[in-house]
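Chain lettering (A, B and C) follows the sequence in which the chains are written, and residue indices restart at 1 in each chain.
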Amino acid sequence: MLLGTLVYGLVNSSILALLAMGFNLTFGISGVANFAYGAIYIFSGFLTWILLNSLGLHYLLAVVLSILCTALVGIVIYYIVILRVKGLALSEVMATFGLGLAIMELFRYFDFVGFRYTLPVFFDGSLSIGEVYIDYQRLIIALIAVGLTSFLYLFTRHTKVGLAFRAIAQDERTALTFGIDSDRIGALSMAFGSALAAVAAIVILPLGTIAVEGGYEVLINALAVCIVGGLGSTVGILFASVLIGYAQTFTANYLEPHWMMLVSLIAIASILTLKPSGLFSRQKELEERI
Amino acid sequence: MNHTFPLLKVSRLVKSFGGVMAVSSLSFNIRKGELFGIIGPNGSGKTTLVNLITGFVKPDSGEIEYRGNKITGWPPYKIVSLGIARTFQMVRPFYQLPAFKNLIIPLCSPRVKKMEGGKYGDQDAVALDLLEEVGFERDAFVSYKVASSLPQGYLKRLELAKGIALRPDLLILDELFSGLSLAEVASIVPIIEKLKFQGKTIIMIEHRLKELFRIADRVMVLNFGEKIAQGSAEEVMESEQVKKAYLGTE
Amino acid sequence: MEKRKERIDRGIKARSEDIFALSSFREMLYLLAPRAIPVIGLLGATPFLSAYWQEVFISMAVYALLAISWDLLISAGLVSLGQSLFYGVGSYLAGALNYYWDWSPLFTIPVATVFGGALCTVLLLPVLRLRGIYFAMVTLVLPLMISRLVEATRILGGTEGLTGLDPFPDQLIALWLIQLALLATLFGFRRIINSNYGLVVRGINDNDLSVMSAGLNIYWYKAQVLFLAASVGSFTGAYGTHLDMFAGMPGFALDYSIMPVASAVVGGMGTFAGPMLGAFILVPLSEILRALGALRIVFYGLFLVIFVVGLPEGLFPYMQRKYHQFERWVTIE
């Protein structure tokens, strides 16, 4: 039981981390509000399904196309919507949220509902760790999560583009004086974030079906992880994912599965009382914004 | 040495931001009724010091005592209600509002209510009077102009008025003279001297040394967050350390 | 020959905050008419509507109240993406009082209003100290999570909710109650925001450091504003509970969060009358579009985007401007 909990807890944490990462990259790190994140996640899921089933493309081709298309969609959203309201935090949030809403419900309208909407797993089968069976897909999720987190951590600290992402969030004017084109970098950040959403979708959706509700779930989970871990901190996201992921898994295995949501709520409530800006956040309290 | 109970007592104050030591074990006292100048090259920690005293930033260690009350780590609104007010180096008016409406907000504070005996009174009239005191010409109706249309000189006076509106006993002016012409400075100085005459204690952070030295009683010099000299204006300017700090070594 | 747009005030110079210096009936009418129209229109016309349209109207009023409550929060700089939190809390409070302790609507509604407001304020208190975006995030997440929590733990009736609750004694009473609440809130909040208290609140939105240095505790002010807005929101929830005779998870639905924001965006943020106007437009529109199913929400979403990007000031300020000024093209010399 314990081993199972540890293993599946890791998977759960990986899922949460994957979901939160794309959102964190655009919103937390680059300061570009993207509340259409859940919609983009679902969009890439459905797109992959269409490429696979309606067009009959080879899996690898469909995956690559889907990721690229989703990244493109991110860029389009940036230029058409976000750029026009940039700087006004409220407008950014509302505009992207409204757009995300429209996209998700559009899928529902066109009847993309039902059990036939699933994505295939990478490899069928499972392996055993001790007495615990874990399917390859879940293993891959964990591996990809670890890989992506490390990549993102290094990327935002050691590459020019990664540092540019952080620059435009911290002080756009100064970034401009350094020759960083904040519009292009913002678009790039949206592209990356959307691509991350696509990757997450392709790896995670095979575990269930592609459903519009999933888009809302993704946004809620990403927000919860970011609130607990601290918006903008890759380390914080990792920590929070592990914390919430394991807490949920332990609750599900040792108590009752339906208390899992309570765990997330408790996590948020505790963080808000103890360290409101998140575990690892570098947000200063209001007074220190001199 | 005449021992006067200090109005403000700062002991071994320390604050660092990341790796930068902004204020480094700073200690000094302010006597009641004096005009105390704080000078120093850029980055010497002057504004951080003001932020620490007025509660906008919490110190890493050290104590701040005002009239015997330990106010270290208190939030700004509590410190204001004790009687300390400050102005900002970068003026922060409410640009969309007329000048006199800008003063309504400080006039709504609990301290003003307390000093008025529990009622707010006619805040508009008080605001207009305050503006006139700092040099807003009444017959030109400058006080009714929207803040965004006022030039820097008036905005600085507005900032000063916002501080005075709080009826402080200790008024901290952060680079009030910056951006003003000699004539404008010359017209504001009498206002400050009048405040001092009324018994207020004033701390002035300044870069305009000549103008400051004419009115300051004592001056403290900071460099890299440390006090390198303190005394009268003449004493301070004689100091080798001060010269080195401002002009550099050969 | 280049032209520019010139805006000139209309001939009536009677825009004053206080009721003095009005010298003619024409001026009084000019000032009074925009305020009298909603009052007379609402109280006078609605009793004569058919039952179906009365229901639609009540729905409009409920959403308008939520929108006005949202507007108060935005005036203080608080972006609420979760008005449904207030609705749901008020709804469950009134429902629980009625279901478990048999309280009549006469008591459940006021109690749910005040306690709901207090509870929500306490819940959101920690977030007030942070940057605005955290408030938006937390208000978005909380109602969705609480809803799932109720579903999972099956408390308070679980997925079925609390049914069989007491209705209003008379449909007309329900109608009058919501209208009076709406008008009282509209004019009340406008009064508040135009007073010196409101000036402080708006100052917090504009430049909170300046207000802090003016000796005011901005968190106390924010908490007060939050309490007012949350109470109004809880009122709508409590009212809705007795209207539908039901309190359940749908009280935390995304609809109650999005509509107020969309209404305010369409109608004009910060004006209180704007959000009400927005609600009065969007709710009947959505009713008419009900046949389209999920497409309805697609419309909301797109509406939101188009208005935020295209007409950011909103309809009401636009109308206000037209009322007070006229524009004409003038050649540049």
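Basically, a residue touches a chain if its C-beta (ideal position, glycine included) is under 8 Å from a C-beta of that chain, and two chains touch if they have at least 3 such contacts.
Keep in mind that this is a model prediction, so the values were computed, not measured.
Relative to chain A, the most remote chain by averaged C-alpha coordinates is B.
Legend note: the chain whose CA centroid lies nearest the centroid of all displayed protein CA atoms is C. Rounded to whole angstrom, the centroid-to-centroid distance between chain A and chain C, based on C-alpha atoms, equals 32 Å. Computed from the mean C-alpha positions, the centre of chain A lies at a distance of 47 Å from the centre of chain B.
With centres taken as mean Cα positions, chain C sits 42 Å from chain B. Annotation for chain C: residues 209, 212, 218 touch two or more other chains. Touching of two or more other chains is recorded for residues 287, 290 of chain A.
Counting partners per residue, chain B has 56, 75-76 as the residues that reach two or more other chains.
Contacts from chain B toward chain C in the complex involve residues 54, 56, 75-77, 80-81, 85-86, 88, 92-97, 101, 104-106, 108-112, 120, 123, 162, 165-166. The part of chain C that touches chain A in the complex is made up of residues 74, 79, 81, 126-127, 129-134, 136-138, 140-142, 144-146, 148-149, 151-154, 208-209, 212, 218, 254, 258, 261-262, 265, 292-305, 308-309, 312.
Those residues of chain C that touch chain B in the shared complex are 196-197, 199-200, 203, 206-207, 209-218.
The part of chain A that touches chain C in the complex is made up of residues 33, 81, 84-85, 89-91, 93-95, 97-103, 105-106, 108-109, 216, 219-220, 223-224, 226-227, 231, 258-262, 264-265, 268, 272-273, 276-277, 283, 285-287, 289-290.
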